[in-house]
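Below, subunit A partners subunit B and then partners subunit C, in two separate complexes.
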Partner chain A sequence: MKTSNASMSEGVEVIIVEGEIDMHVSPKFRDLLLNVFKKKAKGVVVDLSGVPFMDSSGIATLVEGLRWSKNEGTRFVLAGLQENVSHTLKLSKLDDFFEISSTQADAISSIG
Partner chain B sequence: MSATLRLQFPSDPKFLSVLRAVTGSVAEIVELSEKEIGMLKLAIVEAVTNIIRHSLKNEFDHTIEFDLVLAERELQFVLRDDGEAADGVFDVQPPAPSPDQLGGAGLCLIHECMDKIIYERLPNNLNQLRLVKQLR
Partner chain C sequence: MRKTYNGLVASDDVTCRFRKGKVTVILGGSGSGKSTLMRQVVGLEKPDSGTVHFGDRELTSLSRAELYEYRKKMGMLFQASALFNSLDVFENIAFPLREHTKLADQVIRTMVKMKLELVGLRGVEGLMPSQLSGGMLKRIGLARAIIMDPEVVFYDEPTSGLDPISAGVIDKLIVDLNEILGVTSVVVSHDIESSFKIADWIMILFFGKKIAEGTPEEIQSSEDPRVQQFIKGSPEGPIPFTRTDKDFYEDILIP
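Now for the complex of A and B:
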């Protein structure tokens, strides 16, 4: 899994994740997400367009992000979900709890 | 067609990607859809993650045995480990998780993805988990 983080001028932090997310890599994903939430941005976007697979450990990390976003008053938006990941979120019955945008650009503008 | 693939691997999460690759390749042989292949990969990863976390208490130096049995009308994944017994754990699908109550999310996903889940404690004190997907 590869990750990167960019601070956008709109006060939005964007995390780009590439690769499969499972128990092996989700701690690294969690650490990055936590560090980004500490920046107290207006919004955090997680671009998952490069993620072909995510298991419940990845979902648990996203749910932690949801909690942090509520605690910090930060918008939290997932972007670019591949069909497989979108289906996993639906199967978990947790998809309705997240804000989801088709693309990173849509997610940023929805916060701006 | 009937065939069995047998694999032994360490209980280290870094090998989950290998299981996904093997599962995906066999699922392609029986011409499952991308969605079905994704569900099988998810089920096997959740099952092994459950074994590592709960049966083996996050000890990464155990050996897990994995049989992939391809039969006429079904695909079976059989997992064996030498960890703590898991009697009753797989019998019923737990309630759907929520952001406040995430426990059992992995188990829920296994139930959503597979047609049958059969757990046995074998006489040699191994756990055996059999996940079955009917083929149409």
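Now for the complex of A and C:
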């Protein structure tokens, strides 16, 4: 898994993840997410368009983001979900709890 | 695979294939070699001869450490559920995650809730195993079996000792989880009714030998009298009541 983070002018933090998110890398993904939430941005976007697979630890880590966003009043939007990841999220019955945009640009503009 | 104990053949050159994403039931009476077969498949015992393939790996030649890694891809629901009596439901389900991963506590908490939701028992996290019914214990055991998102789940007699309703719930869960999670399921059972309900493929063992395999419909219409005797549960037929060929008179009188 490779990750990068960029601060956008709209006050939005974007996290780009590439590769599979499983139990080995979820702790690293959580650390990154936690650090980004500490920046107290208006919104946090996680671009998952480069993630072909996510197991339940990845979903549970996204739930962490959701919890922090509620606590901090920060918008939290997932973007570019591949079919497989979208399916996993649906099966966990948690898809309705997340804000989901089809692209990173859509996600940013939905916050701005 | 072939496996013998003190000269008794428990697996008599059995070849089996478990199809990816399907439910395979290994059916057989007590002492037919079902559990022995499963123990060899999961690497708890080595066959005397033969090999076990999982994807592109051969399991019997793996070192203990490699096999340990491989087992993370396998979930097991044991006959007696094998929960730790001193741990509550939450800690029982979380146990494999605490052993094998470095996931944060809160992530583990969410994952346990996700699995409990799948088995329909969210809300019992704080109960001890002694406070649960037999059917609930099986469902908790199942939540623990799937906590690591395994590729294959092995069920050892999942409905034995349960009332018909609890057994029906477990049957439905096996099928649902198979469909929802896409896992490969291997069920060892002697419960004919349940097996025909849940199986995509059935294998029947008799004294360590595979005597039939096929879809439930094919097994039902088999003309093999041993298969018919087994699925009808008849005491009379080619499957003998006693295991030994030794004459009873000789056995008693000749030391």
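By our rule, the second predicted complex is superposed on the first by the 112 of 112 C-alpha atoms of A that agree within 3 Å, B and C clash if a C-alpha of one lies under 4 Å from a C-alpha of the other, contacts with A are read in each partner's own complex, and residues count from 1 in each chain.
In this text, a residue touches a chain if its C-beta (ideal position, glycine included) is under 8 Å from a C-beta of that chain, and two chains touch if they have at least 3 such contacts.
Note that the structure is predicted; figures quoted are calculated from it, not measured.
K.L.:
When the two structures are superposed on subunit A, do subunit B and subunit C clash or fit side by side?
P.N.:
Result for subunit B and subunit C: clash.
K.L.:
According to the stated criteria, A:Phe53 is in contact with first (subunit B), second (subunit C), both, or neither; which is it?
P.N.:
After superposition on chain A, A:Phe53 lies in contact with subunit B alone.
K.L.:
Looking at A:Arg30, would you say it contacts subunit B, subunit C, both, or neither? Reply first, second, both or neither.
P.N.:
After superposition on chain A, A:Arg30 lies in contact with subunit C alone.
K.L.:
Taking the superposition on A as described, I'd like to know which of subunit B and subunit C A:Glu20 touches: first, second, both or neither.
P.N.:
first
K.L.:
According to the stated criteria, A:Thr61 is in contact with first (subunit B), second (subunit C), both, or neither; which is it?
P.N.:
A:Thr61: touches subunit C, not subunit B.
K.L.:
Examine A:Leu78 and indicate which partner it touches, taking first as subunit B and second as subunit C; both and neither are also allowed.
P.N.:
A:Leu78 sits against neither subunit B nor subunit C.
K.L.:
One more residue to check, A:Leu89. First (subunit B), second (subunit C), both or neither?
P.N.:
After superposition on chain A, A:Leu89 lies in contact with neither partner.
K.L.:
Is A:Val44 touching anything from subunit B or subunit C once the two structures are fitted on A? First, second, both or neither.
P.N.:
neither
K.L.:
One more residue to check, A:Phe97. First (subunit B), second (subunit C), both or neither?
P.N.:
It touches subunit B, and subunit C stays clear.
K.L.:
So which bits of subunit A does subunit B touch that subunit C touches too?
P.N.:
After superposing on chain A, subunit A residues 23-24, 55-57, 59-60, 63, 67, 91-94 contact both subunit B and subunit C.
K.L.:
Could you list, by residue number, the parts of subunit A that touch subunit B in their complex?
P.N.:
20, 22-24, 53, 55-57, 59-60, 63, 66-67, 83-84, 87-88, 91-94, 97
K.L.:
Under the stated contact criterion, what part of subunit A meets subunit C in this complex?
P.N.:
So the residues of subunit A touching subunit C come out as 23-24, 26-27, 30, 55-57, 59-61, 63-64, 67, 91-94.
K.L.:
Could you pull out which subunit C residues touch subunit A in their complex?
P.N.:
97, 100-104, 106-108, 110-111, 114-115, 117, 148-149, 180-181
K.L.:
Spell out the part of subunit B that touches subunit A in their complex, as residue ranges.
P.N.:
These residues of subunit B touch subunit A: 13-14, 16-17, 20, 34-35, 38-39, 41-42, 45-46, 49, 52-53, 96-99, 102, 105-106, 108-109, 112-113.
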